[in-house]
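Just so it is clear, A, B, C, D and E label the chains in written order, and each chain counts residues from 1 on its own.
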Amino acid sequence: MRVTDLGHSYPGLPQPVLHDVSFTAADGEVLTIVGPSGTGKSTLLRCLAGLLRPGHGEVCVLGKPVDGVPDGLSMVFQDYSRSLFPWMRVGRNVEFPLRAAGVPAAERRERTAESLAAVGLGDARRKYPWQLSGGMQQRVAIARALACRPRILLMDEPFASVDAQTRADLEDLTLSVRDRFGMTILVVTHDIDESVYLSDRVIVLSRPPATVAEQVTVDLPAPRDQITTRSDPRFVHLRADVAAHIRGDAAS
Amino acid sequence: MRVTDLGHSYPGLPQPVLHDVSFTAADGEVLTIVGPSGTGKSTLLRCLAGLLRPGHGEVCVLGKPVDGVPDGLSMVFQDYSRSLFPWMRVGRNVEFPLRAAGVPAAERRERTAESLAAVGLGDARRKYPWQLSGGMQQRVAIARALACRPRILLMDEPFASVDAQTRADLEDLTLSVRDRFGMTILVVTHDIDESVYLSDRVIVLSRPPATVAEQVTVDLPAPRDQITTRSDPRFVHLRADVAAHIRGDAAS
Amino acid sequence: MSLDVLPRRAAARRGHRPALSTFVLGLSGLVLLAAAEEVVSRSGLVSTQYLPPASVILARLGELLTNAPFLADLGATAGSAVLGLVIAVPVGLVVGLVLGLVPAAHTATRIVVDLLRPVPAVAIVPLLVLVTGTGRASVVITIVSATVWPVLLNTIHGVRDVDGVALQTARLYGARLPRRLAEIVLPSAAPVIAAGVRVSIGLALVIAVAAELLIGTDSGVGAYLLAATQGGSHTDYAFAAVCAAGLLGLVVNWAARALERRFLPWSEGEPR
Amino acid sequence: TTDTTAAPGSGSGSGPATGGAAVVVDAPATTSSSAVYLGARNGEFAKAGVTVQAHNHTSSDSPLVGLLGNAYPIVWDNAADYLLAVQKKLAVTVVGLSDLGRPGQLEVLAKADSPIRSVRDLPGHSVAIPGTTSSCALTIPAQLRAAGLDPKSVKLVPVALPDEGSALQRGIVDTVCAPEPFLSTIRKTVSTRSVSDQFTGPLTDTLVGVYVTTTSYAQQHPDVIASFRKALAAENAALNADPDALRKAVPTFTRVDPSLAAGMKLPGFATNVTDTAPLQKLAELMQQAGMLTSTALPADVMAADR
Amino acid sequence: MSAVISPAPVSVRPLRTAAVVAGRFVLRFGLLAVLCWVWQRATEAAANPYFPTPLQILDRMRTLWFDGPASHLWTSAPLWTDVAPSLVRMLIGWLGGSLLGAAIGVSAGAFPTVRRMVDPAAQFLRALPTPAILPVFLIVFGANDVMRVLVIAFGCTWPVLLNAMQATGAIDPVARDTARTLRLGPRRRLVQVDLCYATPAILAGMRVGLALALVLMVLSEWVVATSGLGFFLVDSQRHFEFAGMWAAMVALGVLGYVFNTVFTALERRALRWHRHSRARHD
């Protein structure tokens, strides 16, 4: 995936939201995007997903310029509760994209059950989304994205509403699906620790008009582990580094 | 505020969501509630706000049993985007409770401006909620709750969608409004550090059926500060304590 | 004030969907309709005397639209329709609000409402003539009795459909009923109510002409139609008059939509 | 066509308002009600002491509705319609007889290529009639009976008069029964043949229309009734006397084209406007057609005057 | 399954006592009873042949339609030969019109281009006076059931179309974006997302259409008809059979009530998700 000189303005805003954002993501890479609230992270993700035609610049996914939603891309929305369909049970919500893709019934069932179990909702299959708590809904949205086994996965603050323990589990899940399916994953997060723990590279966006303020390469060893990785001195150093970039920018 | 033996079941669930939850909150106290995702924190808050009639037990707010929404209570919903009115500009959304309370126009304007500025949205007054990013919407919801200067403030994961820096600012804002207006504040959060930093007492809810697994009193000195408080050895200790209670329970 | 986003948003929308192409597309739909009619008319099913082709109707329509007496008739029909709506819409709105908000009121009136609703407005015309005579009043009452329902039902639907979280928020912030109504329930239900009103607008014109036909009023498109068919063969003019009523509906609806866009900018959803 | 684009209704009533409130008579602007339209214009009614203004009845509803709703004191009504109302005990009474059926005025038409040539061919086929109480609904069964056929063997289908032509051409009905001027219009557009002339033989001079008022109005205004009758009788006689003048006048108060009116078959007009015999004869026809249960006319069928 | 989603508030309520049941009964039927009583009194007092008393109307209804032998459940032949076919036509027309309205409305709401093209034509057609265009239906389709069904469908389309267009146009943008990222084909997106989203509004439009369908059924039987409830209504009126005319009107009311009740029950089932997801925790 390659993003070149991406720019976007919403009508009525005095200045553009995104301004010359450029970066690339290699296959199988996990990137995290951090930046102040309201800077344009969700806007960026929507451009990448082909939901929003950027005012300027280009996004190439799997070698092709994005025009409409590219094949093999899934997204977890920040507004998860509105992205679940209230008339479908949880199981059907998760299964839905698989049906659309023509996955046979048996495999569909299996993948649905598997990904629901992976997010800790093995027994919520027959409930409706509105019968779930906020965090559970968010996990359903993640399960749905995972069940499609996309080649590119975009997640917008996907673990914001879950408790610390579940969050850690989901982080590890993210890394494991990357390893298993070789997905390219982009995660927007506000948690600096998380951004370092999850990613191969952290992209720091500046205040609006957002540009890539810094790209911090995370060279932590591969099988990451909540305890050992986080206590690695390099982790602590990287974390401080990212925080400084965010803050430093905030100060400027 | 006193909560006695609160219990609630949703129809169709095999077991109750809340089971004999009891605690009290003194005037001017800040309580945080932590617990696993889907355990019943939002349900508890809805019972406290009088939006949900609990199946069992009683809630007393300001000495009176709750029956309907008590006076002088504000709440920030977990589902903030649905709780903002899309047909009103941000300013009007924030002003709404003040109009309802019959606050004179001049004061209304002033308080609206003040609380929007306090959450860092001083210039978003004339926008519509759907023109804001997720984190900005969440802050509008907080600003609205603050603008009415409630005696009791309930906040359901209020800082989930904002960046670390803003989050720290909002935490300090919370503490300062408590000091300034003597509010009683209940915050649901998933961030253990935050729960310790903010509160006088952390209430740990167990897995469902949720009861109060533990109440951890936070005896950190009063004017708290992001740097000094968080590096206080007692803080580190308390944090570990709360985490252990959540995890310990999770393991059992 | 420069940040006032509404006009800009409208401008953006216009920029996105140019007015010209809207006009061209809309016109193409109408042209397609006319072409279909032309084909049917010329297919030899019946003499073009009985089903004149669109080209002829259009020519007659042009004549009628510059003919003062006919315009007066068109005005009379529009006047009755507007008068009927001016009565029916507020009634439907208020009753709909009450029934939507007060379940007991809804239960108490449901049977009566459901029994009255399907009674054809046009079937009560003779009874109306007995009571209120052959004048405009009968036409207006007929219109009211037909157009009140879409507004009423859509209001009930819209009011019940207000997002629970929004309503709870308002309750939580101590908004009393009148304020909740004015600031939460109505704005949120407004797009749905507006859709009901637009159904009623079309219906009002339909019923106005139908009632004029049945009552045999002295003015209005219905009276014109009766006159045109009474002496024998002026079907082309009759069809042109019918089309004029259709055009009137088009114009009124366009105006209603413009008003809606102006006052209920959120009714077409948040922009993407 | 120019007259069509003029405001309808405007040409309908035109009595000189010679003092006193006008009696508005609701009557369709057809030859049937010529007496009112022309009498109001030429002062015949004024001469008899009543100011009459004609109002064009265009509704497909019975004029009796407007009468009973007090919209008009006197209306022209189809005589069969009136007798039905009387049988249902509606408080209406006759002011005077209007017109009588004459040959060529009401015919049954079939398409020129249709196998139906005469009444004898009708059984098994359908006839469009303007209404279930129209003259067609009476005369067709009567003719069938006269020909020794079963009246029930023909299906009478109500079709609005302006639609009869298209219904015939489109094959929705096999034949149509229509009065002038619709007869001429249909003949102009569809190539047709006449199957039967309705008001011939024993059916000549069948009563078609009557002027009706409510019993209460008749009781309260016997003088109006008397004057109206007097003028009506005079006007009817004048109409009978000079058919060509009437043909000329028809386009002035109806929507009929002058060219059409010139060759139009005209009805007869009752000169003895209080004669009950035509009513009695009609009642018998109606009973045979199953529309009435008894032929007995009520004692007060004719409004009393003075 | 039913355990999971049984309607929330009801089951929590205490057992209904007889008094509560009686109270609800009075609430439900009280107004009707009072109005019927007033109607009876008023018509008795007026003694106008155009306004027979409710009891006379009931009696007429009985002799008309419920005069048959017990073996036919007391129904008489006209009920089956006159009324039933009318109703079948009405239901088919209503369903067809609603389907058409939903299809066009949802497509137009989802694709602005379709909307801009269809809208003026739809608004134009919608305002054409039904009685005046009946002859066109007659000419084009003949005087048969198809024509009558089409007339009904034509009228029922508009409320559904407008409601569907409004609702689909106002679909939650997050939901629509979700549908797009799920890479649903246009058909699946239209049917399984947009349509579902608009269902509550569509059903509200269908409810308006239901009553309209009865009206149009009557109208359609005013042209070139010799049977049917609508024909019976005008024919009674023409023959000054006022009790019969009123019987037909009351029958229409009762039928509308019955249809509406059945429809409401179905709607409640179909829209359970909607009520819960909107009203969340009340």
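Worth pointing out:
Basically, a contact is a pair of C-beta atoms (placed from the backbone, for glycine too) under 8 Å apart; a residue touches a chain by one contact, two chains touch by 3 or more.
These numbers were taken from a predicted model, which means no experiment stands behind them.
Common partners of subunit D and subunit E, by the touch rule above, are C.
Of all chain pairs, the one joined by the greatest number of contacting C-beta pairs is C-E. With centres taken as mean Cα positions, subunit C sits 47 Å from subunit A. Inter-chain spacing, taken between the CA centroids of subunit A and subunit B, is 27 Å. Taking each chain's centre as the mean of its C-alpha atoms, subunit B lies 84 Å from subunit D. In subunit A, 12, 51, 79, 82, 131 are the positions where the chain touches two or more neighbouring chains simultaneously.
Listed for subunit D are residues 61-62, 68, 162, 166, 170, each touching two or more other chains. Looking at subunit C, residues 3, 5, 45-46, 50-51, 126, 130, 163, 165, 168, 213-214, 238, 270-272 sit in touch with two or more other chains. Listed in rising order, the residues of subunit C touching subunit E in the complex are 17, 21-22, 25-30, 32-33, 40, 45-46, 50-51, 104, 107-112, 114-124, 126-127, 130, 146, 149-150, 153-154, 157, 161-165, 168, 191-192, 194-196, 198-199, 202, 205-206, 208-210, 213-214, 221-222, 225, 238, 242-243, 245-250, 252-254, 267-272.
The touching residues of subunit C, when paired with subunit D in their complex, are 45-47, 49-51, 63-64, 67, 69-70, 72-73, 125-126, 129-135, 213-219, 223-224, 226-235, 237-238.
Interface residues of subunit B facing subunit C in the complex, by the touch rule stated above, are 49, 51, 69, 71, 73-75, 77, 79, 82-83, 85-88, 96-97, 99-101, 126-128, 130-131, 144, 148.
Against subunit E, the residues of subunit D that register as touching in their complex are 61-62, 68, 81, 84-85, 87-90, 128, 131-133, 155-160, 162-163, 166-167, 170-173, 291.
Contact residues of subunit B toward subunit A in the complex are 10, 12, 34-42, 78-79, 81-82, 131-136, 139, 156-157, 160-167, 190-192, 243, 246-247, 250.
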